[in-house]
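If you scroll down you'll find the structure; I have some questions about it.
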Amino acid sequence: MNALISTALSGVVLMFVGLFVRNKQHIKFFAIAAILIAFIANLAQYPSVELGGYVMYGMIEVTKFGVIFNAVALGATLLYFLLSGSEFEKVGEHVGDYFALIFFILAGITLASSFSNLLMLFLAIEIMSIPQYILAGADKKSLKSNEASLKYFLMGSFSTGILLMGITLIYGAAGTFDLSGLGVGAGSVHPLALCGIILIVFALSFKVSAAPFHFWTPDVYDGSPTVFTSFMSTIVKAGAFVAFLRMFHTSFAGGSISQHWTLILSIITAVTLVIGNFSAVFQQSVKRMLAYSSIAQAGFMLFAVVAMNNLGGQGIVLYAAAYSIATIGVFAVLMKLKDYTFEGFNGLARKQPLLAAAVAVFMFSLAGIPVTAGFFAKYFVLSAAIQHGHLLWLVIIAILCAAISVYYYFRVIIAMYFKTGEPEVEPVSGGFKAALILTIALVLVLGLFPNLLLCWI
Amino acid sequence: MVLSVIALVSALGVVLSKNPVTSVLCLIVTFFTIAGHYIMLNAQFLAVVHIIVYAGAIMVLFLYVMMLMNLNAELEPQKRNWLKYAGAISGGALLVVLVAALRDASMPALSTQATEIGLIQNLGQLLFKQYVVPFEVSSILFLSAMVGAVVIGKKD
Amino acid sequence: MINLVWLVPFLPLLGFLVNGLGRRFLSKSLVGFVGSGAVLASFVISLLIFLEVKTPGFSAQVVTLFDFINVGSLHIPFAFQVDQLSALFLLVITGVGTLIHIYSTSYMHDESNESFARYFAYLNLFVFSMLILVLGANYVMMFIGWEGVGLCSYLLIGFWFKNTSYNNAAKKAFIMNRIGDLGFLIAIFFMIMQFGTVTFPDVFAKAAPLGMNNGILTAIAMLLFVGAMGKSAQIPLYTWLPDAMAGPTPVSALIHAATMVTAGIYMIARSNVIYTLAPHIQTVIAIIGLATALFAASIALKQNDIKKVLAYSTVSQLGYMFLALGVGAYGAAVFHVMTHAFFKALLFLGSGSVIHAMGGEQDIRKMGGLKKFMPTTAWTFLVGCLAIAGIPGFSGFFSKDEILAQAYANNPVLYVLGLIGALMTAFYMFRLYYITFSGKFRGTHDQEHHLHESPSAITIPLVILAVLSVIGGYVGLPEVFGTKNLLAEYLAPVFAPSAPFAVPHHLSHGTEWLLMGVSSALVIVFILFARQKFANYEDAGTESTGFAKVLENKWYIDELYDTIIVKPLYELGRFFRDTVEKAGIDRLVNGIGRGVQLGGQRIRLLQSGQVGFYIFAMVIGMIVLFVIGFLL
Amino acid sequence: MLTVLLILIPFIAGLIAFGLKGSGPKVLGIISSLATVVISIGTWCTFRTTPDSLNFVADWIPQLGSQFRVGLDGMAVMLCLLTAVGFLLIFITIYSRNYENPGSFYGLMLLAQAGLMGVFTAYDALLFYVFWELALIPVYFLCSMWGGEKRIAVTFKFFIYTFLGSLLMMVGIIYLYFQTPDHSFSWTTFSSLPLVPEQQKWLFWVFFIAFAIKMPVFPFHTWQPDTYEQSPTPVTMILSGLMVKMGLFGLIRWCLLLVPQGVGMWADVAIVLCIIGIIYASAIAMVQNDLKRLIAYSSIAHIGLMCAAIFADNEQSLQGALVQMFNHGINIIGLWIIVDAIQQRLGVKNMDQLGGIARKAPRMAIFFVIICLANIGLPLTNGFIGEFLMFSGLFQYNHWFMAFAGLGIILSAVYTLGMIQKVIFGESNDLTETTTDLQPGETLALSLIVMMILVLGVYPKPMLDLVSSTTEVFNKVF
Amino acid sequence: MPVQYYIFLSIALFCIGVMGVLMRRNAIIIFMCIELMLNAVNLLMVSFSKMWADAGRVDAGSAQLFVFFIMVVAAAEVAVGLAIITMVYRNTHSVDINILNRLKN
């Protein structure tokens, strides 16, 4: 709740800061300060929810899990501001507005982690989505950005329609929007409810870019200004996942109904893994590869949802943290380069050893190599699936795809370390380097001691 | 019943008409029929809001944009035919599937008796008591939409 | 003294180390001294041990140095066993070894300092291995020596490593030996499995109760014999031995005549209990031995390389020894090993002397009349020929006749065939002698100028060996002469355990006399025949035809092996490399990778860039998933 | 605590090495590996008196029931010793050589060592997995940065291949983890799991494939010749001498003991694969002209034998496989040192272009021959003991298996002698005329190796005693 | 009148909306079709509200509030959406979605 309020207020404040502060660099500091405040405010709520959730009008229920997830999201955003905050001004004039939009999205994410009413789910998703449509099109001169924005908007609204249809059908069956009252698990499954659940699965799959609802992802991530892609593909996506998880684990986890949607969702997971990983193999642009990688990673995160157990919950937090941090880091470096193709990375290790090392560590993390956070992230989702017991076929697909993923992640490493070239790199400030080192350290620390995060849940 | 038929026909009109302006007008007709349904379903408040928001504001906005861009039937981009049919067929298939899925649902009949829940008084009570949080939260949505309109719409 | 038995192999090892490590610094004479001295010292110790062993009532003693392999219940100590058999072999090995070392100091004198030292190091290493082989108190120890001598043989055959064909010969020797070794190894594993031990007395003690024709014993016997086939150059694993003549001649004398190749006989004699209990295998041994004897003798008839003749003769003589083993005459086999060591070493050293004098020429057609240039060599060679031909009074006569007599007792057919072999032996040996030493010289003028008698370091060993070739036979004088067979008596304790199972064959003295008489007479006839034919040999230079050509080409066995084993093997390797590996497995593995890439290329085309299509695909996906969710 | 030092010393030294320049990393490498050798000898001594004091446990991830639990049994002591000695030998050999960017080179080498040590000491499945991967990464970089022409593609294939295997293993580990009553990764809990045959049946393959790729066993071997060929030789030494032992070690520790019935069900299949591999690899080695590839294939054959022996599952075969792990490591490192020496001097590894080196470089020739002989298991060299016991054990398992595997003895002689002949014997040519003999560093390393070959070949008892504790564990199990 | 009637009516409207999205290339018309879909949902929601109110649920009004919020959101979306479409039109002078295919594969 604190997080919601503080982020929403920060958004408003940043709006005005953008109006009144001339120096764009300074806006960034306001944003960083605001995110810090939000981070602390959010954690301050932890003791009060440690024993039980904090409920507000049956609309919001702040749980331990929610607070920790918010902390992860806010912390990752902090890193994001530190690493990429100065890139905002390159996109356009309205730096303050961009920050404000990002804070609004964060407000949506905090809602997504704590809603307890379908209406709030709807609002959360919308609050997360609408600013994204705008951010995607923030670079107004660029046709690519325009295209991304329009595509995202059209498809996003379409999926909103589907989400609403689903909610309505569920309401028709259950008579309430309250998550705890949706108890449709008992007895025979009402066709309306089942239909509604499946439609919600589709809509949320769209938001987390799971196949076959992923089509917007590569284009939008590719077309959007890189600095916003970085944010959209990581923290926002994690937010969508947490909504997914919360929705299904609180309401539809038990009974015969779960069989239906787990089947559909596991098919979606498998298709997502395959499409995401296969498509990423052939990309030439690292940015686009990362877009596909985000689809592939979404496939892994879906495991947590499908598995429906505690490990899944822990896994999604860890995964969100690992994936977000690593991807934000990669994007931060990517933005320092002129050429986004793999060739653009050739020989980076010689010219900028720190950047190269950072990207290498992040790629390891994304590939799930031990000692990086990504390893435990993958570990958790896999073990969630294995604990579930009936998903071994999915696990097999997953490890095959994980092996494929090594292929495209390591292409970057190969380009940086084993090929020669003269990459064009923008000058890198000391602050950026420090932030990068901090990020690397975070990835490694989480990879060595995931309990530092897990012990809170 | 008549309303429903009009609704469906005009909805099809939206989809099928070649001229965008006709589409808009068809859509407005549809909205009115839906508002009619609202009244039949004792949702008077919603019916009013619906007319105001949709027919009054949103559709006008649409029309305005369309006029601004000076779109008309000739300029209207047309899909190749088979894509059209594919679209129609898959939409139809979706309909069939959904209907098949919901066919067996045994639902009660709606009484003709009027209920009071749709009155503005009751809804207002609900809105500002239980639903105060989403009400507040939706302000964030509006703020961001506002900011967005500024960011996107403003000429640099 | 027996406790010092470890010194016997240790001294040559020391010699090996000194010569091997100091090959840069030591002078030739010092190297020769170290090399020969070490073996000589071993010989002295062996002699002392022998004297101790010779006393009646001596029972085998085991000297354990340390635990070699100790796994669970399996204990294989690094131990030496001194008994009558090993003591006798010690004497032969160190004795002949010493002579050959001395001989080599002169023979190899032209080599560079370093390779001279290398040569002696190898030679010492060989003696060491051979001693380990015969001293080992268990089959694993024996195997250690067994492989060790194979290695040294490899190193020495390929001593002149610059020559590729020598290398090939060395390689062939080693590999063929390895084939046999595999059999040996499997036999050891059988023992470990069956008896849980590989120590000789324990194995024999546990084998005896199994009784005759026990399957496992038969298998062990057969497999051990496979090992022996390889090492002792029996059909089908004999082809390496003639090729092994690529090595320096003293090596041929020591390794490929006197000692190493007799290891197989030693092994079977040592395992006499097992063999006696496996009569079928004995029959196999006898047949193979005899076949080898005849086959090799037939090849030797038409060979023109002085060393090749001797090599085939060696193969043939080894065949005789196996014949003896096959008919259960272990003592006779050992006896023949001993006498053969003397006269064959003599013959090889003599041929070495000739080759030395001829400046490396080995083709007897280019020799002739050498008697007048190198008389000592000639008459010692003659003694050797007489001994091998089995002229009464020479050592070969006694040992070979004992074998033939035993064969007769077993089966007269064996005797007849054996006799034919003996006659061929007499014929080809004297063919060799006459072509080489009598007639007139057929070499170049240059060679004629250089012809000279060899130095004393060469001739003295020749003389000693000649003497031994004559008197060596008298230790095993058969009982028909009214004396006791000293050797048989000496060896009796070794063969005692198998005695209860052996089928006794007794020949009346009359028959024995008759057999001796027949063979002696026929041998002399054949020698005269050879003399008449070759005493004044002229090289006609004509190609031989028909059967002679087959013999000259050694029955085309090498070609046969090449066609049916070697080439297919390499073809197989090539097939694996090019087809299975590259086109099969590797392509499959890479194909998966390529499949992923290709799949990626296709799948990414789904991303057509058109929103209409995207939504269309989404709707299709929804419909499909709906159908799955509802209808399935 | 000694155990932890085994991991920590190379790890810290590796991190430091990244920052050093010039000859600093070399010296550091030598010092660190010397220290590791000393400590691993120390662990040996400790093991003989108070083996329990080698165990070390610290909290790691309590939520998962995973601990930083390291310890050593006989096998592990031996393998740590091998790792320590192996790295020392490698560092001695390459001391006179200058690699581009030495800090990274030595740093990565030392990190690989730390990873290997970790693999051998881990008594916690998760920790094991982490080290397992960790050992791979530095090697990947080493190969890709300092390797031959086709290094990138080849190492990439290698990496993905082994990574896939490890993932499979991770699935197995996680599955087992959920079977444990107290949800723990501890080795003791794992090894006391009552698994029904149904589970063991497939768990076996999960683990076996992971290890088989690492070893490698036919038909999972295709990465290996390419990688050995393309890697810089010091790395090839690590790969073939030490890293393949990870697979064998894993097989013994994490396969044989966890799924004994699974092993029982599939041992025949696995052994047949191994034996096919032996003959197959030997046959290919026979027709190889490339020196490095030849040794690579010979290594496949040797590993196949060890793997088969492990599956034969009796005291002799296991003990044989264990000592052979050490001996093979030493020997093959020796072989690579010489191959490297030749390649450094002449720049070729095609055997048709070589020959006559013995005359020009007698010391090299002698070492080469001795090591080759040890490699084909000649008695009184270290190679013999292991092979003898392995064959013996395999024979007791199944006569025919042994007989076919035994063909490897013959074939190994064929290709090894062929290699000796082509490389060092024969006439020298224009190229090999220029050969110079070994440098002091190489001589020292090879002397050490030859000493170990002979000492262990004549007196293998200490090594056998050391590993017997591991095989005793098996006696209890079966 | 049974609720099924409304269900099928709404679904029909919804699917017509979907069809429209699939069949048209004009971004504005597509957007309108999406609005049509939302309205179908609204209609259904209201009829369910009535249904539950008949069943005696006191909180059946929340469904109508939900509809209210949907309208609110739709309005916001329209604002943003039309802004985006205008922006695209400014750059490309077209509202044809198919000419937007720079981003693909």
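Points worth noting:
Chains: A, B, C, D and E, in written order; residue numbering restarts at 1 for each.
Here is the rule we go by: a residue touches a chain if its C-beta (ideal position, glycine included) is under 8 Å from a C-beta of that chain, and two chains touch if they have at least 3 such contacts.
For clarity, every value in this text was computed on a predicted model and none was experimentally measured.
Chains that touch both subunit B and subunit D are the following: A, C. Here C-D and A-D were compared by C-beta pairs in contact; the pair with more is C-D.
When you average the Cα atoms of each chain and compare centres, the chain farthest from subunit D turns out to be B. Chain centre most remote from that of subunit E: C (centre = mean of CA atoms).
The chain closest to the protein's centre is D, with centres computed as averages of CA atoms. Taking each chain's centre as the average of its CA atoms, subunit B and subunit E sit 5 Å apart. Here the spacing of subunit A and subunit C, counted between their Cα centres, is 77 Å.
Mean C-alpha position of subunit C lies 96 Å from that of subunit E. Measuring from the averaged C-alpha position of subunit A to that of subunit E gives a distance of 26 Å. In subunit A, the positions touching at least two other chains are 119, 123, 126, 130, 133-134, 137, 140-141, 149-151, 154, 158, 169, 172, 192, 194, 218-219, 407.
The residues of subunit C that reach two or more other chains are 593, 604, 607, 609, 611-612, 615-616, 619-620, 622, 626, 630, listed in rising order.
Shown for subunit E are the residues that touch two or more other chains, namely 3, 7, 14, 17-18, 21-22, 25, 31, 51, 55, 59-60, 62, 65, 69, 73, 76-77, 80, 84-85, 87, 97-98, 100-104.
Under the contact rule defined at the top, the touching pairs of chains are A-B, A-C, A-D, A-E, B-C, B-E, C-D, C-E. If you check the complex, the residues on subunit C that touch subunit A are 593, 596-597, 599-601, 603-604, 606-607, 609, 611, 613-615, 617-618, 620-622, 625-626, 628-630, 632.
Here subunit D touches subunit A in the complex through residues 60-64, 129-130, 133-134, 137, 141, 144-145, 151-152, 156, 159-160, 163-164, 167-168, 170-171, 174-175, 177-178, going by the rule given at the top.
Those residues of subunit A that touch subunit B in the shared complex are 4, 8, 11-12, 15, 56-60, 92-94, 97-98, 100-101, 104, 107-108, 111, 117, 119-120, 123, 126-127, 130-131, 133-134, 137-138, 140-141, 149, 169, 172, 190-192, 194-195. On subunit A, the positions that touch subunit E within their shared complex are 118-119, 122-123, 126, 130, 133-134, 137, 140-141, 143-144, 146-151, 153-154, 157-158, 160-161, 164-165, 167-169, 171-172, 175-177, 192, 218-220, 222-223. Against subunit C, the residues of subunit D that register as touching in their complex are 157, 160-161, 219, 221-223, 280, 283-288, 315-316, 319-320, 356, 358-359, 362, 373, 378-380, 384-385, 388-389, 391-392, 395-396, 399, 402-403, 406-407, 409-410, 413-414, 417-418, 421, 424-427, 458-461, 464-465, 468, 471, 475.
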